[in-house]
Amino acid sequence: MSQRSRVGIAGFTGYSGAELLRILKGHPDVDPVLLEHRAVSDSELPFGETAPRFPFTPEGLKDSGVELVFLATSLEVSIESAPMLLDAGLKCIDLSAAFRLRTLSNYTRWYNVEHPRLDLLTEAVYGLPEYFREVTKLARLVANPGCYPTAANLSLRPLIAEGVLDRAAGIVCDAKSGASGAGRKPLLKTHFCEVTENVSAYGVLYHRHVPEVLLTSDLQEYEFSFTAQLLPVHRGILETIYVRTMEPMSHSDLTAVYEKYYKDEPFVRIYPEGRLPDLSEVRLTNFCDIGMTVDPETRRVVIVAAIDNLVKGAAGQAVQNMNLLLGYDETSALL
Amino acid sequence: MSQRSRVGIAGFTGYSGAELLRILKGHPDVDPVLLEHRAVSDSELPFGETAPRFPFTPEGLKDSGVELVFLATSLEVSIESAPMLLDAGLKCIDLSAAFRLRTLSNYTRWYNVEHPRLDLLTEAVYGLPEYFREVTKLARLVANPGCYPTAANLSLRPLIAEGVLDRAAGIVCDAKSGASGAGRKPLLKTHFCEVTENVSAYGVLYHRHVPEVLLTSDLQEYEFSFTAQLLPVHRGILETIYVRTMEPMSHSDLTAVYEKYYKDEPFVRIYPEGRLPDLSEVRLTNFCDIGMTVDPETRRVVIVAAIDNLVKGAAGQAVQNMNLLLGYDETSALL
Amino acid sequence: MSQRSRVGIAGFTGYSGAELLRILKGHPDVDPVLLEHRAVSDSELPFGETAPRFPFTPEGLKDSGVELVFLATSLEVSIESAPMLLDAGLKCIDLSAAFRLRTLSNYTRWYNVEHPRLDLLTEAVYGLPEYFREVTKLARLVANPGCYPTAANLSLRPLIAEGVLDRAAGIVCDAKSGASGAGRKPLLKTHFCEVTENVSAYGVLYHRHVPEVLLTSDLQEYEFSFTAQLLPVHRGILETIYVRTMEPMSHSDLTAVYEKYYKDEPFVRIYPEGRLPDLSEVRLTNFCDIGMTVDPETRRVVIVAAIDNLVKGAAGQAVQNMNLLLGYDETSALL
Amino acid sequence: MSQRSRVGIAGFTGYSGAELLRILKGHPDVDPVLLEHRAVSDSELPFGETAPRFPFTPEGLKDSGVELVFLATSLEVSIESAPMLLDAGLKCIDLSAAFRLRTLSNYTRWYNVEHPRLDLLTEAVYGLPEYFREVTKLARLVANPGCYPTAANLSLRPLIAEGVLDRAAGIVCDAKSGASGAGRKPLLKTHFCEVTENVSAYGVLYHRHVPEVLLTSDLQEYEFSFTAQLLPVHRGILETIYVRTMEPMSHSDLTAVYEKYYKDEPFVRIYPEGRLPDLSEVRLTNFCDIGMTVDPETRRVVIVAAIDNLVKGAAGQAVQNMNLLLGYDETSALL
């Protein structure tokens, strides 16, 4: 059993960082500390926020007394900062993509970055607790999964592991995300007037999250067609996934496959026949909700998966990983 | 050449009817008349609206002097009203689904309605001008296409007609629509608080528009997987369509296929490589915009099509059909 | 000290009722029970909701074991139901306006209802804890304040009590509310397409909440001009209040007045000079945030007050009152 | 009578500039030309936009053949560019605040800019056609009014001119604007996630538009309390204005005052008793709609005025001014 801990948040002014703070303030055993890599004025914080602040430097970290740090920073800052944390003997949960992929070349191709630390790519644990819970408990460095890959992985891995999908049919994943997924930095594409009353497709077939999904879900042998679309909502991801089964399967057959993997999972919920999740069901929760419509005659299955991109898709899952790393109940602050 | 005409709108308080009025007021040769099938108070109309109003009865029609009537009414009202119009020697453009399908059994199955007029199902012209322009000019009764089928048809027909699609791969059409598509009648599903910050899937695989698409686009021999999703926007449809070609095709190969059909079409626009349409590009226009991302290596093509559901998906296309029926320039009031 | 309690929610499918359930599930000492006055199917509830359900009848109440009931029902249902609860020896917190006013004639005038229970109007405690905390602890029947009056009262009472306002200038309260304030029953005015991209004024000068504010805030001797406006947001109220002080007062003078009343209040926050609250600061919280801009030269003060209409404006304040009635810490489940 | 003209738009990628282009494309006698002060790629324009483009330089202007230029640019760029246009013998309609105020010191105070051209401040005509129509026809340089001042002026000037307002009571103008009013440049305050589900007050009492209103509406002798609030809408301004009359006046008394000024105005509409304008009534129109609620007993009047900030509040009014300058029908392209 673990005792009371201080944990740091770097990048706390961003949407994922602010969400981490919101969640951690409800945690019974943890005190969040804000780590500044630039001077932040009170007016940039929610009114009344009193969490202690320290510089995001080796000295600041020492003074802060934290034993674990969340990096809610850009990929570039995370690549630089993670080694500093590990060298200081601290655990690190990184919410960027900096340690999710396994080869240097993927970073050159998808992120236009020369990644200097193959050793850390090798060491980092991909923090999807439903599949990597035990290794996460032992990790120093956790690569917190991307939002799109979290929903895709949780929806697809059981079907792939059980071999029920018809490989010839391929997999289509039509994904839609709220604007907070694009970060808080002001960009034309996230200007209110560009987003409201609009929906736009981006990263069609060639999205950065595709290699992450392929690598982490054993999907490499399937043709995986992925499209990301920007929704006029603040938070939430809906993925509509089209697959074909090898044999005709009913809704209850598929439910049985999912239950084999998720029966005891606190944050994955499989919907009964006739009901599909939507964004409102998962808003501000750490749930990944999965529903299906099945046409046994043609062996087609449409899976609808919903998460809150800032919770199960980012900060909530990061806290879930923290609970594993520090020995708390995995659901603390999350139910 | 045609001369000045009066045309009637039944159902003018609904979203499609109001849009008809908006468009027709910009028409140089037509005067819109409002046909009331219940007493409508001024406060239900936009402020300052002065279009003449007549009862939607045989006498009212005669008094009004209209030669054509738009039915922006429910399927049930349209089934009842269209014969009255034809009997009175008037032309009719129906915006409901009442005359789009070709068999009585489809109405029993998809609309839970006993349709009494097989003769009119047979007579009605499916008013997609890009394909049925010439017969529309001669019609008495036009079945104005549904919003989803319009975008799907315009995106898929050239590819099917040219035989470039791999039938084995099937077609996935992931469609998203604004809330005006669900009509103006207050329902819980269109309550502001249910729609905002939400996206929900409905009619997965089994949507009423599926038979319409299949019947009208020669898609019967393809496996067509369709999902409709409700967006937190007032107007607009985006369809993301996943297909595979028989042979590897480049973006310009596909563009050539589309240009063969749409080169001279005023309302279909094919986007160049690297650009995809979104809802803002077509808002308040009669355009159907089509863009593509192509992966020749795997022969996958993702088509993104956008329309304004109230314009090209309803009232605009209806006015386009009116222009054909009455002998006006097809683009009048629409460009 | 109190022990574990069961409390009932009537009207749990409405927005206030659902919010009550959400808040109460986070309460350490209370178990919520759903009281059905019609059969409710599982699909009307959030997925996974397992709170026990009982009929909203004398027998159901007895079987349920509740000691207190929240009425998140219409005014009419509340007028009927409250006596049943009191007769059964239960405490009652009513979220409708049924017991907020003090005279029968006000109900005839503002709600078009013949109110049969003057005795209960007299008995009911107006549940604004910041002012009526002690009597609330002893009450059987609490009239939970309206959303607009809560923000107006908390903003104005200290200024009135201290006699700092210039009566000649009157008070202007320009109030804006999210659509959940209009209830969940589908109405044209809350249809998504009517609300989005719109703002509309209603109840200008003559709003039902005006008598409630006047009665409960000792404002009767001031000219109080109130306008309510419907915003395209789900939840939140912003009130912009224009007053003039008798003497020139600085921001810190006014802050001192507020601090005299709210220094120890857990749910009222006074902002420093140069900062004003907005809806995002109070979303999903029980805070009433108050900021000011002051022009001492002209003695003008503009007060900006923000609450979440479903929390401090309804369910959160109701739970605050429940905590008082049942002897729990007043902030339980609310911080 | 005037003949066909070419007119230029500088700043055409901004929201006002894009709106100018949209409106001018519907003008029967004018051809819009885009003036680039930086290289603009096709992808920054709406798809299919083919208006000719020229550099925004003396040579480019000469080559373009324009006789009038709209400056939809920043205040700084307008201060620099207007002299270039006038020197070239062109007429200029400036949509920024660069020539709206009449003293250099106001620019130092409100815009933090040293304005070098008192002569042009003196020469510029304030382009509110309802009041300055005749001088506008003769102008070289038109200062197009701000969005907030347009609605405030049109609402208040008749009441002030007729002397019906009680000066002792002051005037409260609670204004709300859509996010396009803040411009297209990406800023944190207009990030989708900051605006949606939010409303925030800014410029309380001390807004840049206050001196403009005071100067142009003869309001100097009234205490004018103004607050601007940012709404989660793309376009639209609603102003709720609280005044007191000297004598008791009924709705029809006030209507008579307004009709004296606006009876023949094509773009000002006075609403009948019981009806108030909202944003949807004026969306995409050049109307300023004005409604009132009156309480003769207390002499209070609440005025609700609505405009589309991009049309009557910017581009539409600018085209109205262009029609005056070039001798076209004042309503061309606007009704």
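Note that the chains are named A, B, C and D in the order they appear, and that numbering of residues resets to 1 at the start of each chain.
By our rule, contacts are C-beta pairs under 8 Å (C-beta built on N, C-alpha and C of every residue); 3 or more make two chains touch, one makes a residue touch a chain.
Nothing here was measured: the structure is a model prediction, and the numbers come from that model.
Q: Which chains does subunit A share as contact partners with subunit D?
A: Per touch definition, common to subunit A and subunit D: B, C.
Q: With centres defined as the mean of C-alpha atoms, identify the chain lying farthest from subunit B.
A: C
Q: As a quick test, compute the distance in whole Å between the mean CA positions of subunit B and subunit D.
A: Taking the mean C-alpha position of each chain, the two centres sit 37 Å apart.
Q: Can you give the whole-Å distance between the Cα centres of subunit C and subunit D?
A: Inter-chain centre distance comes to 39 Å.
Q: Specify, in ascending order, the residues of subunit A that touch 2 or more different other chains.
A: 178, 194, 196-197, 232-234
Q: Which positions of subunit D touch subunit B when the two form their complex?
A: Residues 43, 46-48, 196-197, 269, 271, 275, 277, 281, 284, 289 of subunit D touch subunit B in their complex.
Q: Could you pull out which subunit B residues touch subunit C in their complex?
A: Answer in residue numbers: 15, 178-180, 184, 186-188, 190-197, 232-234.
Q: Inside the complex, what are the residues of subunit B that reach subunit A?
A: Against subunit A, subunit B makes touches at 168-170, 172, 174, 176, 178, 194, 196-202, 204-206, 223, 225, 227, 229, 231-236, 238, 240, 242, 276, 278-280, 283, 293, 295, 298, 300, 302, 304.
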